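Have a look at these structures, which come just after this line.
Consider the two complexes below, in which subunit A is the common component and subunit B and subunit C are the respective partners.
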Partner chain A sequence: MKSVRVFFVGGLISYRALFSWLNPWVYVPSFLVMPIFQILLFVYIGRSAKLQSDSFYVIGNALQFAAIPCLFAMANTIAGERNQQTLGYILITPARRLPLFLGRALPVATNGFFVALFALVAGSAIVGTHVAASGYAPIVLVIAVSAFACTGLGLINAAIGLVARETAVLSNILFGGLLVLSGANVPVHDLPIVLRQVSEGVPLTHGIAAARKLASGSSVGSVLGLLGAEALIGLAYAALGYALIRGTETLSRRRATLERA
Partner chain B sequence: MRLSRSLAYARNVAVVEVEELARTYRTSTGILRRRTVEVEAVRGVSFEIAKGELFGLLGPNGAGKTTTIKMLITLLLPTAGTARVLGLDVARNAREVRKRIGYVFGGDRGLYERLSGLDNLRYFAELYGVEPRVQKLRIQELLQLVGLAGREREKVEGYSRGMRQRLHIARGLLHDPEVVFLDEPTIGVDPVGARELRATIAALTDAGKTVLLTTHYMFEADALCDRIAVIAQGRIVAQGTPQALKAGVGEGTVVEIEVYGIEDAVVERVRALDGVSNVGLEARDQKQVLVVQTLPGRELVHAILGHLHGSEVGRVSSREPTLEDAYVALVE
Partner chain C sequence: MRVARVLAYGWFFRMKMLMRSSFNSWLGVLYPLFFATVAFFMFKAGADSKPLLYSSLGAAVMGVWSNTATPAGSALAQERWHGTLELEVAAPVNFALILLPLTIAMSTIGIYSMAATLLWGWAVFGIPLQITDPVAFVLAVPATVASIGALGFVLAVAFVRFRQAWALGNMLEYPVWLISGFLVPLSLFPGWVRPISWLLAPTWGIRAIRGAALAGPSYGDIGMALGVGAAYVVLGLLLVQRALHAARAKGTLSLT
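Entry: the complex of A and B
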């Protein structure tokens, strides 16, 4: 019961405490305007170079943009404890660590979900692409799973940020990596073989592929494999991220690494 | 061994037991040519705090007070020695210790700036597992206690230093801990507020809580503490009641003489006087004050003034030794 409250109530309070982009002057341009620019950029490149369809880029970039909230917010809400110098106070509470840290992932993933959904709806409307009606509900599910998977990567990002005391550099690098590797803009089979293998192992790749299929009218049954793969990748990353955070905590008690400001 | 310990605990002998506790920090600097520096912050300290006792840990900057506290509150593992809080080992039983202790660190950081004071407290109430039904009332009580009631809905980024300090104290008491560690809790609080906080701290032990306090204000330690340990360079150099520590300087008196530009040789001659136990030269405002501690039953004012012949001398006074005199004698 206590842990349930730490997960839901605590997670939300700390998200508000540590994620500084919630101010509308930052939120709207960063989360609602930027993804539209990104979608338009790639749609126009695609058109002028006669590459993929508009819909390919709209779906790819809308989902890939979830990486911005998921990577940045996840790192800030955990590694941000270092800047506020609140980490020591957190670590001496008896609260269970799983709900303490993963509770912060829930608002992050939820926000990532809404950002990607908004980008898809607004992007489609602006560019004039359509999604098969049968795909509406399942695509919403795919976006949710993709945002969750991306938040898993965010947890690893957060663990590194906790030690490095810097979150923006790695968040940007990971975002850039996903831009190339997730299949958002370059079809995975066009990537060099090594990168293709990496692509199979990163979040978003399978989610984007599933969303494209659903948008073109494929049945839910035909994307279950992709959806499962995306969820598994998310779980694996989240587990690794959480383990890294716990490892840092344990190490810090011995080496006094974390409570230094 | 185990039996005797539980018996001792049952008799409420010691709530905090520290044995030969030590902590070394290892830090590396430089990226290409890494150099490792070792700091022995705490070098084997031992003390015990009984239930309901207010125990002071005094010592110069960098003496190892905060490091000792960080080990007791389970934030840092000792590199040697042991510490138990309420019979629980701080290294092995961290979670059980955490449930029962509160920690207040002086300073204006360590709060969520973008949240209100109330939300800061709410968050930690959740982390300490304070029942939702109890939470509201408890937070209101604490806001009253530390004098923040009415300001709790404002964001912490707009709080003054003293307000932050008060919020720290409220946070440390949210879960009604049995043992409270206060690391310079009155730093930055105005005189009236500090007096109120001292009353609050005294009330904690009246309510049966055990308190470990560090402070650089000697009068505060003297007024509050049942017992004091003085720590310097990671070692305890004296331990006892404030009275005992003061007596340790000598039952004698302290003679203070205002001087202006006195020579070192003169100070040394005063120090050499028979019956003088310690001499210090302090700067106060524009002048210097020669502080001479004398052995009991000695009237040395004339002899001292004799040595000051030729230098300009101001007000002369004598008084009982204070805790500060004892402290200065111990750590110098």
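Entry: the complex of A and C
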């Protein structure tokens, strides 16, 4: 019962306390305006390069933008505590680490889901792309799974934040990596073979592919494999992230780097 | 002479400080490379007939703006966090002379990003760097950097009373990339976008650089970049006095 409380209440309080984007002056430009302009940028580059349809870029970039809240906010659950000088207090509590850290991941994934959904709806309306009516509900599910998978990568990012100072630098680099590898803008089959293989193992690749299929009218059954792969990748990253958090927590105590800021 | 010394020393010390930050140095070089890579893949796989150097130059100048937009937005907030804003405002030197070299130093860091992007395009994607008019190119790069720095100056001044100004600066990164014609010809946009593009110094900067590299002399565009940049400086000078007066009158300079 105590763990359930830590998971839900602790996660919510952490989100409200550390998620500095909750200020509308930050939330609106960062999460509602920026994804629209990312979509427009790549739609127009796509038109200029004569490569893919507008719908390809709208879906790809809407889902890929979930990486911003999922990566940055997860890292902030560590860096933010450090800035508030509360990280030490959190880590000496007897609370179980699994609900403590995964509870912080839940609001992050929920926000990532909302941001990607908003970007898809607003981006489609602005650019004028069509989504098959049968695809709406399954695409919402795909976005939820993709946001969860990306939050798994965010947990790894947060773990590194326990021993590294510049979490914003790493978050930006991971975001850039996903921009290249996830197939958001460059069809995966156009990537060099090595990048193609890496692409198969990163969050969002399968989610984006599934959403594109659904938008073009494919059935839910035809994307179950992609959806399953995205969920499995998310689980694997979340498990690795949690293990890394435990490992780096020990390391940061041993090396006295917890308060490195 | 005194003004020139303040600007030169200001630029030099700000450069040194910015280079100590991995966010402003390493990330400033690396981050635009991801966008450049995506653009190179897209143009390589696509059916567009423009030479890849067209996109390589555009992606290179994207880095200059990228290095200016967010840091300029948060320039005054940083001074607040360091506890130096009030001291700088109270100094006998005009505050604009302290702020302008800071934003120009930010855009100067973008030269590293430009060089890295052009090298990346050459080494990984085989994009040759052939410059038709080297003299114009050498003049166009600093003109572009200075004019983008001047745009950053206006942003920094305009956002003086916003606590979360970095988010507003960050938000402007994509729109300027988009409508300045870095990777997309302006002719693809609706007609009402073009007058907005003409007001942006990066539009003239990329035209000057691209013109020197691909077509020949582009001195007219260099002049436009410098002219628009000078207009930004004048606008910033006017704004800075009003913004500081308002912040002092309302006691909001040190918004924390």
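Heads up, the rule we're going with is that the second predicted complex is superposed on the first by the 254 of 261 C-alpha atoms of A that agree within 3 Å, B and C clash if a C-alpha of one lies under 4 Å from a C-alpha of the other, contacts with A are read in each partner's own complex, and residues count from 1 in each chain.
By definition in this document, a residue touches a chain if its C-beta (ideal position, glycine included) is under 8 Å from a C-beta of that chain, and two chains touch if they have at least 3 such contacts.
Keep in mind the model is a prediction, meaning the values are calculated, not measured.
S.K.: Contact-wise, after the overlay, does A:A17 reach subunit B, subunit C, both or neither (first, second, both, neither)?
M.R.: Only subunit B; A:A17 stays clear of subunit C.
S.K.: Determine, under the contact definition given at the top, whether A:L204 touches first (subunit B), second (subunit C), both, or neither.
M.R.: neither
S.K.: Of the two partner chains, subunit B (first) and subunit C (second), which one does A:K2 touch, if any: first, second, both, or neither?
M.R.: first
S.K.: Now for A:I92: first (subunit B), second (subunit C), both, or neither, which partner does it touch?
M.R.: First partner only.
S.K.: Does the superposition put A:A256 against subunit B (first), subunit C (second), both, or neither?
M.R.: It touches subunit B, and subunit C stays clear.
S.K.: Return first, second, both or neither, reflecting whether A:I173 touches subunit B, subunit C, both chains, or no partner chain.
M.R.: The second partner, subunit C, only.
S.K.: Of the two partner chains, subunit B (first) and subunit C (second), which one does A:Y44 touch, if any: first, second, both, or neither?
M.R.: So A:Y44 only meets subunit C here.
S.K.: Overlap the subunit B and subunit C contact sets on subunit A and report the shared residues.
M.R.: none
S.K.: In the complex formed with subunit B, which residues of subunit A make contact?
M.R.: The contact residues of subunit A facing subunit B are 2, 5-6, 9-10, 13-14, 16-18, 20, 84-86, 88-95, 100, 253-256, 259, 261.
S.K.: Using the touch definition up top, name the residues of subunit B that touch subunit A in the complex.
M.R.: Interface residues on subunit B, with respect to subunit A: 25-26, 70, 73-77, 95-96, 98-99, 101, 103, 105, 109-115, 119, 122-124, 126-129, 132, 171.
S.K.: Using the touch rule from the top, collect the residues of subunit A that touch subunit C in their complex.
M.R.: Per the stated touch rule, the residues are 23, 25-26, 29-30, 33-34, 37-38, 40-42, 44-51, 166, 168-169, 172-173, 175-177, 179-180, 185-187, 190-191.
S.K.: Along subunit C, where are the residues that touch subunit A in the complex?
M.R.: So the residues of subunit C in touch with subunit A come to 22-23, 26-27, 30-31, 33-35, 37-39, 41-43, 45-48, 162-164, 167-168, 170-171, 173-175, 177-178, 183-185, 188-189.
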